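Just below is one structure, and these are the notes that go with it.
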């Protein structure tokens, strides 16, 4: 199992995931411009998910630029990441339908947490394989941003039980914080 | 983030987008040849969208042949292009169902405009990164065709409120104008 | 537009097309083994289409092994092939639902004919670009198999109006005839 | 037909297959956290199928690392594998809906058996092409794990008629046994 192939397969799955979410968007029943408003909440949910998945793709690429070797643990934590990302599609469909309800927001936050956990597991598996002086180890550093995101997701899950809107705000906030590609890795690359 | 990877990911997403549109086409309820006519307007809408997305793919490729470097702005304007292109699927489903109605045609024109805007933003981001004497800058030139297309889309949106058929004609006209691969870039490549 | 990219994009689209056809297969309503029989005709239709699309993929690859250059005509006839192949999905869904009815079989035959025509147009565009002494020209030769297939499809369309079963038999027969990869191209490659 | 292209196409199809299974998961009708429980059995079925298909992808890659040449028999047995894997999607949808019923479990086991048979046929085709002293022949060895899996699937099919739960346990057991990448091939690679 070479790194190139893992990256190519991951790219393929993410390209499909980010695209099939649009299949959950159904055209309005009416034919007036006003009927578009029924699609707007789903469209915004799709936009949020598109950006979140896009960020994983970008960070994954920045990370794998400095990966020297992989093993079974990296492979399966990467599979866990792909599985978690695939659930974003289902979560977006439910959340887009009922953007203010507890259940869908709770589930949306859980899925984001699953993605963050599997990404972190992958990072740990990679760190274990690489020298502390390697470019990868330096690039990841203390992973402050990753830890803060994880904490934000952990907090956002129970909050959804009382105030779903705050959960959505937290998740959108994390998205904005990650919008800029990971500078730690970029720095090492330059 | 290398240029190659951005191009490969873009190719993957566009290949999926152009293909899943066909999933919106449902077989007729009847079993006679005459029942096919219920599918015809959707089929024509799909054909128009297939050509429009195909043109973006071709122009994207011609453009990236002469790209020397990319940055975060290029990356995210490319993501905005992919997001906009993914909405073509939804717009086609609605438009194919009601090809003469205001709402669907309005939305179809809006989506085309979004695609054109994000493509233009990507072009501007690329120009900012490259030398005015670079092959890319020469290839893009004054981008007359791009500006005319953008103007056509801008005009086609309000027109849909009074005469949807003219909006469809304008969009089809832009498609025909772009049918031939971008000569400006081809010229430089030769 | 390089040949490599055209082939990679074509591969991507065909991989998606051949796969999404399975989405048209819906699980039976019941839960007994006997309920599977409701899926059988659709499964056979899917198998036939899978083989037909698979053959196009294989022949496309054999052909592009000996391609030296492409132009806009090749590019767009290839796009026409992809568009035609994408209609196989819709045709399979209708045909699998009503395997003995005139409409679906007629449409299935029309789509096969469209695929054959666009493939032939692509072959002609390629021949025009290459020297008569080129490996491509020798590999294609007089294209007897292609001409016979086209004739079979042309004949199968009107036959569907009176005897759909014969049309299905003709199409299945063409599939069997193409099952073996194109020896003309293989011969030149060896 | 080069080995690289066969592998790339296979990767593409598997990436799509493993991803579109998530489209069968529909959001719950309600909006409470409790409504999630209606999705749980389907989610577990999807997880099992994701792992099973993932294992095929991993083993396919390990195997093709030591492949030196392919022929038509390898090509078509690989196509048969892709076709069988594509049926996992349909089987998962039915099985996830009725995880304890005879019909869906029977069909799920049949599909797993089809995948195992086509993978074995591909292995045999490859062995026939390669020298008994080749890395491939050594890597495959006596294929004890493959034979045991096949036997397990063969047994699991009739068992589903009387005790579907045991069939599911057997299939999950095979998945766990294959979870670790094939050491035979890894050993030779190192």
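Order of writing sets the labels: A, B, C and D. Residues in every chain begin at 1.
One rule holds for everything that comes next: a residue touches a chain if its C-beta (ideal position, glycine included) is under 8 Å from a C-beta of that chain, and two chains touch if they have at least 3 such contacts.
No experiment lies behind these values; they were computed from the predicted model shown.
Common neighbours of chain A and chain B under the contact definition above are absent.
Centroid distances built from C-alpha atoms place D farthest away from chain B. Looking at which positions face the partner, chain A and chain D present mostly different ones, since fewer than half of the interface numbers are shared.
Annotation: 38 Å between the Cα-based centres of chain A and chain C. Between chain B and chain C, the centres computed from C-alpha atoms are 27 Å apart.
Contact of a single residue of chain B with at least two other chains is seen at positions 12, 16, 20, 23. Contact between chains, using the touch rule, shows up for A-B, A-D, B-C, C-D. On the chain C side of its complex with chain D, the touching residues are 11-12, 14-16, 18-20, 22-23, 25-28, 30-36, 39, 47, 50-51, 54, 57-58, 61-62, 179-181.
The residues of chain D lying in touch with chain C in their complex are 1, 5, 8-9, 12-13, 16-17, 20, 23, 72, 75-76, 79, 82-83, 86-87, 89-90, 93-94, 97-98, 101-104, 106-107, 161.
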